[in-house]
Amino acid sequence: MRVSLASRVRGSAVYRSIVRHGTTATNRNRSLVVFENLFLHVHPVKVREKTLRFTHTFWLGGITLACAFILFVGGIPLMFYYHPSVPQAYRDMKELQYVVDNGVFLRNLHRWAAHAMVLVAVLHMLRVFYHRAYRPPRQFNWVIGVLLLLATLLLSYTGYLLPWDQLSLWGVSVGTSMVKEAPFIGERIRFYLLGGNVVSENALLRFYVLHCVVLPVALLLLVSVHVWRVRKDGGVQGPAGAERKNEP
Amino acid sequence: MRRIGPTLLLAVTVLPAAGCGRVGADPTAAAVAPPGGAYELELGKSIYLAYCATCHGETGAGDGFNAFNLDPRPRDLGDPAFQKSKSDENLEDVVRRGGAGVGLSSLMPPWGHTFNERQIEEVTLFLRSLERD
Amino acid sequence: MPLRRLFAVSSLLFLVTLAVSPVKNALRPYRFIQREFRDLGMSRATSRKAMELYANRPVAIQQIWLRDFEDRVDRCTTCHLGVADAAMRGAPEPFRLHPATFHTPGGFERIGCTACHGGEGLATLQDDAHGVAQENIAPMTPATFIQSGCGRCHLSATVPDAPTLSRGRALMERAGCYSCHAVRGHDAYRSEAPPLDAIAIKTGAVWLRGWLEDPRAVDPNATMPNFHLGADDILALSHYMFGRPAPDALARRVAAAAGEPLGDPATGRRLFSESRCISCHTVDGKGNGSAPELGTIASAATRGWLIAFLRDPHAFNPRTRMPRYNFSDGDVRDIVAYFDDELRDFDAPADVLEPLRVNQTLAAKGATLFRNAGCGSCHASGPASETEKFGPDLDGIGDRRAASLDFGRRRDLPQTLTSWLVAKIESPRSFADGLRMPSYGFDADEQRAIVTALLAHGAQAVPEKLRHSATQPVAMIPGGRVGELFSRYRCLSCHQIGNRGGDTSTAPLTFEGSKVNEEWLVDYLLLPSSLRPILPERMPILKMSREEASLLADTFEKFYVDPSIVEDPFAGRAESDRDAAEGERLYTTLGCRGCHIIGMAGGYYGPTLTEAARRLKPGWVFHFLKNPQGWRGDIRCPNYALPDTDALRLTAYLGTLGSSRDAAAPATGKESTR
Amino acid sequence: MSVPIKIVESNDPMADPWRVAIVRPDSRPSARATEDRFVMTFPHLIVREVILFQLVLTVLSLAAIFFDAPLLGIANPLETPNPAKAPWYFLGLQELLHYFPPVVAGVLMPTLAVIALVVIPYARINLVAGPLWANASAKKAIALGAAVALVALLFGAFACWPIVVPTLALGIAMFATRGWERATSVRRLLWEVTLPEWIMTWFVIIATLLTVIGTYFRGPGWSWVWPWENAPRG
Amino acid sequence: MPDEESRDGETESISRRDVVVRLGVGACALAAAGSAAVTLDFLEPKVLFEPQTTFVAGAPLDFADGTVRFNREQKAYVIGTAGGVYALSAVCTHLGCITRFRSEQRMIACPCHGSQFDLEGNVVHGPAPRSLPWLEVSENASGSLVVETRVIVPQGKLFRV
């Protein structure tokens, strides 16, 4: 009787040292799959079947997370070809377009994913609101959610300047001049944000650091808390009215 | 026609002249050539007007203002028969070595030391564009 | 659909979509083009070695990186692989060998491609690189305007090998573009247009109105454009101008002159032709046309004014190119008498020269109009600083994006900078109402030349080290007595010295001293003989005194010399080199008579050589014969690459010509640049 | 099962002493969920998540393949494009700037919005809210009417129609649902809408409206243009 | 899913469901591998903005016996001998300082740690472990000497002129 390569690999000591659970479909193994795995163990071993229904959450949180993941993974290679300096920053966009293999694809992906993430995050928030999923014990997670939304906006906004084309420059000028209007501190904030009084190379560098280091880290932390809280607070909550349906 | 003309001329003249039968013969290949042809034609034209037109005339009819008491009269370059009878090599040769060089009237001076090879080629290209149809 | 199947399907979908971009990438056009080039190259290769070079060519993006030229990167050579490859002569685009120009081959590594051709150097896709229909990418410069590229670095008025550009710059200079449009490097520009404060004593209202309505209708040589003024505006303007007080000095002169007795028309006619007025002016269209038509001059200006003006033009218009002839009072009266007799518009109304009774309100209206129309920009009597720059400044016009241009009403135009510029020059006011730029009536070629010149004004000046302003050193324009003579006789109106002066004359004077004999020059200045029967432009008889003439000749002899030209070419040469007979034979066999006249026979293109000996210094003749273009880039005389011996023999032959004074017409030689 | 639900729905849990159980706002409703059917996370949830990710990436990839990210000319501080627009998600604010002094539109309003969002889960009204008109007193109706009118007037004073119009529209809708308690299907659902939901809906509508206007209907000098006349900008 | 697999993982009983699952997993694996490859390709620079590695040293005649010329930009000496011309890297083999030519002692010294080399590039003394490498010298079309600083040639390989 033939022994397949796959099964021989599964038999090997190395494989076993990495994956502790067997392949046979026992519930034990399936549980192990989840809690033996750093990334999966945010999940409980069992979930309510109804939470898997599309209409339960419309998977909006998941989609947002997917976008975030794509942005993280796609952003890193882009950084390899980007100099936060004038005019090189703009030229780098052209390099991506004309020279770097798949550069333009990656840039487009990053751009559209960013827009998508903002949009979906908002929808996610609305979904949670209309399902009244902010109610105890989930109050704090809602707050984190709001913070996440802000972080997302800031990320998208800081990234907006990096191509250093007319769109970026004036988009950011308009935005930051709104900040300026804040009483007392507005001027100051803008000054710190731009590293000067006008959108210049300083601003580019600062936005770059914010976009590539500060905000992503913040987002990462908040997301982990957010997701972890979801489980701690008793899993995803679907339509509040759901219960109403099964009245006698 | 102003843009197309040069292209076609280019196709029929310079490509064979440059001895690239294989590519030159292919009309599609020639059709891709307008910019190059146009630039070269421009250069050829400016050279012609500066150095040749005084005797051969702006249209190449051999009626330049300096022509009238020359004997023999300058060649009518627009004459289709003439154009047919001469290969590009012939034309370039006359321009290069002058009438005396090819056993014609010495009143046609040699330009071989005034122009470089490429300029001669460009003039020839323009000469072809003078053909009357 | 069961989960596992959904999973399978979405996974496949996933795989496929992710594969698209890499595939697209692998199919980038330039890769195929480079393979095509490899095959073409191998088919054309002459040697096995060359064959291998083509075969082993890696498929990769090519670029020219110009670190110290605005850090440009030109990737054109990624597809245009043959530009510097002699084997690609006449190959189909994009592989064609670049046409031979001043900078190519050889200049590529220094100036790249986009410097002349425009377009997006960074791009590796055809449409992007050529800037086809791309708002934010520089379009390529059309072949017709390609010489604008030269103008980016070559800032001098005339650029050898770039006739269109040079012509465009000359036209802009003459048309006075710079008096309304600020342009880098032309801040000191002043139009030749006369100050208008003497109008009232010059001409009459009727004539002035006719002029204002359309200058070119009155005088085809007019440089003043058509402002499309309405009848009321014209009326107002004329009142304003006649309202301006003429300077007393001039007014007195004119009045006095008007009182003088009539002269003799016959003598006047003789003087008129001797003075070679049509070297600049025209009479019924005959003449050079760089100065006003004189066919109806007597109906355009009063007798008094004409007399006073001819005696001292510079008093009336310090900027005029007209020399101050050394006429006697009688001479001038005779000339003006000749005008009165023959050069008048016989159908003109009797009151054509009647002055105007000024209506102050209209005059006031005219004054505002005068300001708003920008007449002052050209006609102001003050220095350049006083004139107001009316139009938008033209720096960087060559790099404007079509999207940033206002096409106004001209929806018919293609959305390109060049078509916009051409239309602007052709009919400036067709874009919108209330535009002030007048129309100049340039023909298609002139428009093309001017647009070429305009496109040369880049957004930023090219780096210092690449700039190339003057071909020759700025000439020493002498001061003192000689300087006065230069200015009085306006030598620079026609002759070039260094990089200054007009191009009417075919003889630049920079090294005149090395070229001609002093005694001949004196005679020539006193009584210029025609060297080029064919040209209407000839040296006028300025009626200068012998003393003045010898002073000028002496100056040239002493100062305007080229040290590289030896005095006596025969020094230390074999006797056989002086063989004039042999030289004469050469003269015939080389076909010199095709262009030059000796005695009666020969062509009319080159200068007559009948009296060469009296005129030309043998050193110069030899120097010239050895390499005509070395004397001046645009010399039309072919370079025969004569060996020294032949050149010397020809020199010797010319040395025998007209040394005896019995030759028919006094004649001398000069080379032509018509 | 039905019991705790009733409590959740009742406007004032303290008002019904005979209830067996009270779910206080801070307690965990999960206790209720015991009868729910459970399935193993792996494969059921995990695989769904994988598929979700694949689909998201697929869709975005398609977008990336068919639509290039905009890239205009290099940034030039001397040449302001007209109009100069912020990224789309800020165009709502930029549109507000068109009506209000910067301090209000650029700072006050967004700050208020964020604060409002943050406090949602802590505001009692959001926790215990029932259908808006469920045994509502006339006072409540008057108060609401007044509120709507006030908001409308306030924004009307600044001629900010994109806000006034939806406000009035929603106000009318809100009162329209008043009598629909006995109604069926859609109307009934509308009747069940709580006050917080009405407010949020109002907020969402004007936010969307402002953003859409700012994005598609604003041209040079922030003047009104129609999308099809608008020169396509990246 | 694993749970649909045959109870005995060793034997390959190919059920339809099984195929479907494997298809999906395979596709994912392929996509992953592909992405990895594409990423590598992405990271490979396709154009370089680097100084020329070759430089024109001058005409052969300029290098009479004993001439030593230092090219600062390319960090190389071009040295003329009776036999011909050769080029020497100026980068010290110790810690990569730029050495200097001492004309009076006619030797090459490193300012950092005092290594010293003779004109062949051999270490006279000092910490430098290896002698200075020789660089390729060739002649271009116009007949002047071209040094390729990337190509190292065996010591003693002169360019005969």
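The first chain written gets the first letter, and so on, giving A, B, C, D and E; residue counts start at 1 in each chain.
The criterion applied here is as follows: a contact is a pair of C-beta atoms (placed from the backbone, for glycine too) under 8 Å apart; a residue touches a chain by one contact, two chains touch by 3 or more.
Source: prediction; values computed, not measured.
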For chain B and chain D, the contact-path distance works out to 2
Outermost chain relative to chain D, judged by CA means, is B
Most remote chain w.r.t. Chain A, using mean C-alpha positions, is B
Heading the list of chain pairs by contact pairs is A-D
Note: chain D sits from chain A at a C-alpha centroid distance in Å of 22
Whole-angstrom distance, CA centroid of chain B to CA centroid of chain E, is 52
Rounded to the nearest Å, the gap separating the Cα centres of chain A and chain B is 69
In whole angstrom, the CA-centroid distance of chain A from chain C equals 65
Going by residue number, chain B touches two or more other chains at none
Touching at least 2 other chains, the residues of chain D are 43-44, 47-48, 50, 54, 57, 61, 64-65, 71-73, 79
Within chain A, the set of residues that touch 2 or more other chains is 30, 95, 97, 99, 101-102, 105-106, 165-166
Note: in the complex, chain C contacts chain B through residues 40, 43-44, 89-94, 96, 98-101, 143-144, 146, 163-164, 534, 588-591, 593-595, 601-605, 628-629, 634, 636, 638-641, 674
Per the touch rule, the chain C residues reaching chain A in their complex are 21-22, 24-25, 61, 73, 75, 120, 122-125, 128, 136
The residues of chain A that touch chain E in their complex are 1-4, 7, 10, 22-25, 29-30, 77, 80, 95, 99-103, 106
As the complex stands, chain A meets chain D at residues 27, 30-31, 33-34, 40, 43-50, 52, 59, 62-63, 66-67, 69-70, 86-87, 90, 93, 97, 104-113, 115-116, 118, 125-126, 129-130, 132, 134-140, 142-143, 146, 150, 153, 156-157, 160, 163-175, 178-183, 186, 198-199, 234-235, 240-241, 243-244, 246-248
Chain D partner, complex, touching residues on chain C are 3-4, 6-7, 10-11, 13-14, 17-18, 20-21, 24, 135-136, 401, 404
